[in-house]
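In what comes next, chain A is part of two complexes: it sits with chain B in the first one and with chain C in the second one.
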Partner chain A sequence: MTESAGRRVRCPICADEYPWPDDPVISLFDEENDAYQLVDVSTATPEKQADLARRGYRECPNPSGDTPQHYLPATYVDYLAPLVIGLVGAPASGKTHLLTAMIRQAYMGGLRAHRITTAALDFRRHADFRSRYIDRFEKGDALPGTETGVVEAADILLLRGPGGERPVTFFDVAGEDLQSTAALNRSSRFLVGANAVIFVYAPEDPLETKEAAAPTENRSFDLAVERLQGRPAGTDRLPVTVAVTKSDRLRYVAPADRWLRRGDEHMVDATRIRAESRDVFSYLHHIGAGASLGPFETFKRCTLHFVSASGGDAIPVGGRGNLDKHFARGVRPIRVLEPLVSILAMTGMITGPEASKVGLP
Partner chain B sequence: MTERTDVVLCRDVHGRLREIHLADRGAFVTPGSALQQRLVVANDQRLIRKFVSRADGARNPHLYELLDNEVRAGTRLGQVYAGLYPADLSRLVAYNLDAEEPFVLLRDYTGLPAADLIKQFDDAERRQFQVGLLRALQLTAVAGVVHGAVSPTTVRWADGRLQLVDFEFAERVGEPRRTGGGLRFRSPEQAAGLGEVDVRDDLWAASLLIRTLYTGAEANGSPPDRRRDPERLRSLLDGIFDNPLEQRPTPADLLVRLHAGQELPPSVDPEVGLAAGRRLFEEINRDKRGTVSAGTVADGGTTPGSGSKRVLALMAMVAVLAAVLIIGMVVLV
Partner chain C sequence: MTEARSGNAVQQAFFGWSHDDNGLTVLAHSFLQREDAQRYHRRLEPHLRLRPVGDNAVPAMALSYFDFGDGTAAVLRRVHTGHSIGRNDSHAFIGPSEVLNVRTALSLGESPLWKDKVSPGYQMPGLSANLFTGGDAAIEELFHRSVQLETELVVVLSRLLDQPTAPLSVIGLRDRDRLPMVWALAAAADLYLRDELRLARLWSFSTYEDRHDASVDRLPEIVFLPEKPSSIAPVHRTIVDLGKEPTASANEAVAAQLIEAYFTGTPYTAVVQARQVAVSASDLVPHDDEPPANGRAVLAADEPVPAEGHQQLEEVRRHRSRSEDAMPSGSGPIAALLRVKTVAEFDAELGRLEIAAQLRHYREQLRAGIDVGVVDAIANFAEFTAGRELLLRLLKVLYGVEFEDMAEPAVRKQAIKFIRNGRSDRLAMILGGTARRNESEPVRSAAFERLAAMGNPVTPTLMHRTERAMRLAHRRRYLSAAVVVAAIALLGFAFLLGYLAGQPQPAQAVPAASQPVAPPETTSASGTSGTLPGLPALPVTGTVNSTPDAGHHLFSFVKVGIRYYPQAKCSSLGNGGWRCEWRSAPQARSGEQAELVAVAVPQTQSSRLAEQVGNNEAAIRGEDWGPDLPLAP
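== the complex of A and B ==
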């Protein structure tokens, strides 16, 4: 395997950095045998080479040797620096529903207003994400919580827009893993390589949690914030956003009602985003969820948003007692792209004078 | 025989989840509602359950919007009059819009629809009715709610007390107007669905209703011909039908014209509790300022393009310096 001296890449999965190989041997996945096959594409025409590369993979050498065999799309480094977005939040905070609604909405052209198009970079991974989450979500099924121990990225997309073409990797791991203090827990290692984070908070119902007040700690936030603070780049350069999920529960409560009624935004307006951030902050502060405001206080560039992935609460299928839940009136995502739009503005994927001001204090 | 009760999950006016046991007491009908209604009992309190059945919702999805309007207005009124809720307005107890058959629970109304009663009113009742109607609208105005369908069918009456119910076409002040809600009683702006909702919007319909009270004339969707109206009625409604909206009086103005008291129950700004958080937000931002500049991005990089911009700026500076040097040398030579 030859290596390209100029192209180093940090694998989003194992967080190791290594020189990206530029030899003509790529891995193609053989669906029949459920295995990768090495294929030398050097004899193929340039058009075929490009096509095979678009569908092919390269195995990560994982120099640290601490992660099971894993692959990245063969074209992972053919674009601007990859964006790795991690979702952080407690168990059942709605991370998976938010990510599913967000990716679905992006695929439906929800970023077109910002002149951004969405495609899969990793076709297999996206097909898997669609069948496991998006299809079920569209049928109105409530999604199960993410299993613990997941180290793989949930999806890897390719966004094309005024800021260029950029792979975007999303991580959605179990809340239990994010709360784990085990030093060897690999699931939350994406934090090492993440260059944007969506902190997910859900206002819980005391009737369900049997707790009268909001928790005095948000362990998944606290651990993530501390680990991110310890990175060489610190807190100055990492754009973060706080998404208050399940905001449909607040659809008639100020100030969330005002924002939810607006629906999806069609342009970036830094002043409006700041106003929403201030409202979310003051709401969380008011309900005693100050423990979840750590990301805003810590990171220099941060926005806050009210979102609802499904538009309503899931109810037990066939009545109370059933653990399987569904959204009786279907899913109606509300403002799920706003956190992503803020991240894209803060990372230069969405350009312009307004975008450059997003999240600034 | 044991009474059958349903246990339902629903949210109160503040969005808090509640579990309520409901016993059905049969169908309930009001002429001003397009929704199905049942009379139910919870904790010995009679409630009205307005709902959209699966079949109705499939036939007419617009019904979900009507229910949403009712809940939105009811929760707002419940939050604004959290301390002492005025009996002049229907009162929301709880709602669940995520159920198979979404519903709202309202305290049982007082009285009967005014449509059948106003024809028999004496002078004292007419005055009580108009004062009661204007007071109800003043109450909704304080909360920033416009009923949107004031008519003899959405106003109830009993023993000298009026109650405004069926907020299915309600809107919030400052939002874009919607169409719908019974064209006969709606102002020209409401009928056209133009501009922003204003606290004076309901006064058009209320004035038509007051006029019906005194003249028996039914609203027909056009500005009324008031030439033969009694002088007192004409002066009371002066400026409503022949003025642009911004010059029309408010419900409070009409109560002044009637020399009626304007004592309202205390109201609460639902956002008053957010003030401390807003101050803290600004304080934290002040602390953050000065250490970050526009264009800062993650992954140790810069906004795409900003690097080349810096190079260009550097080149421009070098070019300017070079030009100054060359010009200086030429001048010296």
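== the complex of A and C ==
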């Protein structure tokens, strides 16, 4: 606790920067009353202090005073610089399904081939994410659309690998919030502090949209790219990736079919990632989705991937008008970790000569 | 924003998935400016989605009420239809908070004004504030349903009184009990809070939420959740989980007395006196460090209690002293019936009356509140306006909203056939009248020929003149009122003559508005002979095989229409067999059929039903009753 004291940290939720406190008072969550209790741990033994800190929180002072009360794990700054990954995409593009499948695969050891292990940094937040999304996903139920107005991070994991131990915070907010031009919209504020972004694009079903061509604009991409470009650090060092979700719809369409058949990769190969990026670019260009290639044209380090979070479309269950949908054959995620692996390679979590070339031209 | 504040109109907005906008957005609205609709969309956006909690199914419908604190309020109805789960459709009424108050919001639960589906871009009409007044029958129904919630009400109200400024989350209450609970809490405690604690709650509510933590913006004061959701952010609300043992509360006695006063209509001052004995006043004063929740106001000591608080107490008293009140002719359900302009509104008002009119004394009040003029006005609507509207709707279904299909020769040919050979003069006349829109001379001529054949003195020439006048009036708006009224009167007279002259005899059985209504044929309620069609001579005994749910037993009823006249508790014969008795036949209107049924009812209701047996009083069918089991005597 003392090593990290005084270190400046940017809160991923409110995007304010402040010195991390060094007092021995942490907040423990009282499950019964849904409230945080302040606990002075100074009299506890070092072992107990460490244990309480691992389960405890610190309230963000939110110097700007523009965000509801929120807390960060008490050990948030005890590791290497936190990685904040935001998902950006239109409503119903599959962000939540992708994030759910991605975190589930990571927990199932999907990153072990890259010598990375996955654990929860924020136990409660991960339990919440599991109960709301992963459990439902594993039962084969389609996930509900994300509510608007969300400011909290979806999950905060702790990844340990050759690049060290690093908290990874994921943000998944409603596509409507990402398309909103309202300056006071707080939900997309994570873009201020994000140090990696996964842009999510879904080739829509023409029968559903009644539109033959892809939309000529991708408002969520455009707004996010412009806001990221406006940051002082600019676009030079921000790694991004474009994930074409619902690619199972393209399983008989070249060149997506070739990549989907490969399944999960077990090593980082910059040449292969570049080849996939090239194919995704060609595909998006071919279908007239040039508006969704903005991130590739703007950011210096960018990869593109075909992914499928569930392996197929969910079908309605129940009577007419019932909105519940189910994956009749269960969920079979395809290549959902590839965008995350690219991000981890571009941010130094995965090391090696191949990793250092990922996303570069 | 000013539109929603204006006193005479309630705006509406329909939200759903738009492929054009690629998101959940405003599909249709009645605001003059789209920006106004968008403004309220922003306010309601975090509350539009029906999302599951745990393994619980999402409800088919949820009702929410928001008071925005700027003089406007919204009632939102979310339905489990739309694009996908969490991207459902919803419909909101937005208007001045003095119109859309909590009482109105609660009475809108089953309103026919709600729409489940609206075409994108449809221009919804602004609604008159008059449509949102009344609702007495709905509130009456909520009161009756709340009677069964006494235990839960005491638990929830005592926790509310523990922290009277804190918003409230209620977990584990059945969906159908949620609106009655909000009404009962507001009616029982509002005046008490205002007078004793100088505290005005908004009583905003939502019957379904999937989260209630501090990160949710503008969450209503009272929300219901199917189970406790996991939360990352802290929860600054009083949480009452009805599935758990109730937490000890210092205010339990006060709450029990307030609820009792609500049920009995006792002035709450009696409760105050009791409270002064039981609890010291300082225990109930909000803590200084506890700020008033969103929009909730702590009244200054010398600030007068707003009149609406007293109105709510009066509401409670009125519920319990109904028999002493005369039905006012200028307000109430009859007035609401006179105000209707469409079949849907008429049907809705009638439906409300049917529920309340199961109570005999309510029917007495209704009868006392009407005279021949009122009956004539209502009958006129039912026989003429409503009939015409229904036929017009049918024709719009057949030929398009603007009768655009009539432009096709084959369609016109068929329409002419309908006019010449159909039995309904009124339909023929309406069809002929619609031809005007498409300049379809043959259709119009066919209608005139039929009219002339009916012996109507109005000649085609005159009709043409009238029609021209109407078209001219359409162009010259300053003439419109006079000409339209003249034309409608003329046409109406012609149609009415044709209708009365041309209908076959059975169709004229409906009494004319000015004719005296024949008294209904009634038979002795206590007679042992067959008193109602379908009934055998009473008393009779019959048997039925059934296995009622736990906590239920079989009760015999004479069912007349939607009314259930309790007879007696059935006795078990063992092996699932039951013996039931029917003792008396109730009074009924002529033409009503009666049948003998047995119904599994909760044991808790049996004593009340037994009390009604001797009074020949109909019972209200509970939602927790079993199906009707017909019996052969």
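What we mean here is this: the second predicted complex is superposed on the first by the 351 of 361 C-alpha atoms of A that agree within 3 Å, B and C clash if a C-alpha of one lies under 4 Å from a C-alpha of the other, contacts with A are read in each partner's own complex, and residues count from 1 in each chain.
Simple rule for what comes next: a residue touches a chain if its C-beta (ideal position, glycine included) is under 8 Å from a C-beta of that chain, and two chains touch if they have at least 3 such contacts.
Everything numeric here is computed off the predicted structure, so don't read it as measured data.
Q: If chain A is used to align the two complexes, do chain B and chain C fit next to each other or clash?
A: They fit side by side.
Q: Please indicate which partner A:A35 is in contact with in the superposed arrangement: first for chain B, second for chain C, both, or neither.
A: Touch partner of A:A35: chain C, not chain B.
Q: Look at A:R301 in the shared chain and tell me whether it touches chain B only, chain C only, both, or neither; answer first, second, both or neither.
A: After superposing on A, A:R301 lies in contact with chain B but is clear of chain C.
Q: Quick one: chain B or chain C, who's touching more of chain A?
A: Partner touching more chain A residues in the overlay: B.
Q: With the two structures laid over each other on chain A, which partner does A:L80 touch: chain B (first), chain C (second), both, or neither?
A: After superposition on chain A, A:L80 lies in contact with chain B alone.
Q: Let me test your reading of the model: by the given contact rule, A:N195 touches which partner, first (chain B), second (chain C), both or neither?
A: In the superposed model, A:N195 contacts chain B only, not chain C.
Q: So, does A:G145 touch the first partner chain B, the second partner chain C, both, or neither?
A: second
Q: When the two structures are overlaid on chain A, which partner does A:R8 contact: first (chain B), second (chain C), both, or neither?
A: In the superposition, A:R8 contacts neither chain B nor chain C.
Q: So if I put the vertex at the Cα centre of chain A, how wide is the angle out to the Cα centres of chain B and chain C? Nearest 10 degrees is fine.
A: An angle of 100 degrees, rounded.
Q: Measuring by CA atoms in the overlay, how small does the chain B-chain C distance get, in Å?
A: Scanning every C-alpha pair, the shortest chain B to chain C distance is 16 Å.
Q: Could you list which residues of chain A make contact with chain B in one structure and with chain C in the other?
A: 208
Q: Can you list the chain B residues touching chain A in their complex?
A: For this pair, the touching residues of chain B are 7, 9, 11, 13-19, 64, 71-72, 75-76, 79, 95, 97-100, 102, 175, 270-271, 273-278, 280-282, 284-289, 291-306.
Q: Given the complex with chain B, which residues does chain A contribute to the contact?
A: 80-81, 83, 163-164, 195-196, 205-208, 232-233, 236-239, 248-255, 257, 261, 277-279, 281-286, 296-297, 300-301, 312-315, 320, 327-329, 346-348, 351, 356-357, 360-361
Q: Under the definition above, what is the set of chain C residues touching chain A in their complex?
A: 19, 22-25, 42, 45-46, 48-49, 51-52, 54, 57-58, 80-88, 210-211, 213-217, 230-235, 239
Q: Please output the residues of chain A touching chain C within their complex, sorted ascending.
A: Residues of chain A touching chain C: 33-36, 68-70, 90-92, 124-125, 127-128, 131-132, 136, 142-152, 175-176, 179, 182, 208-211, 215, 219, 321-325.
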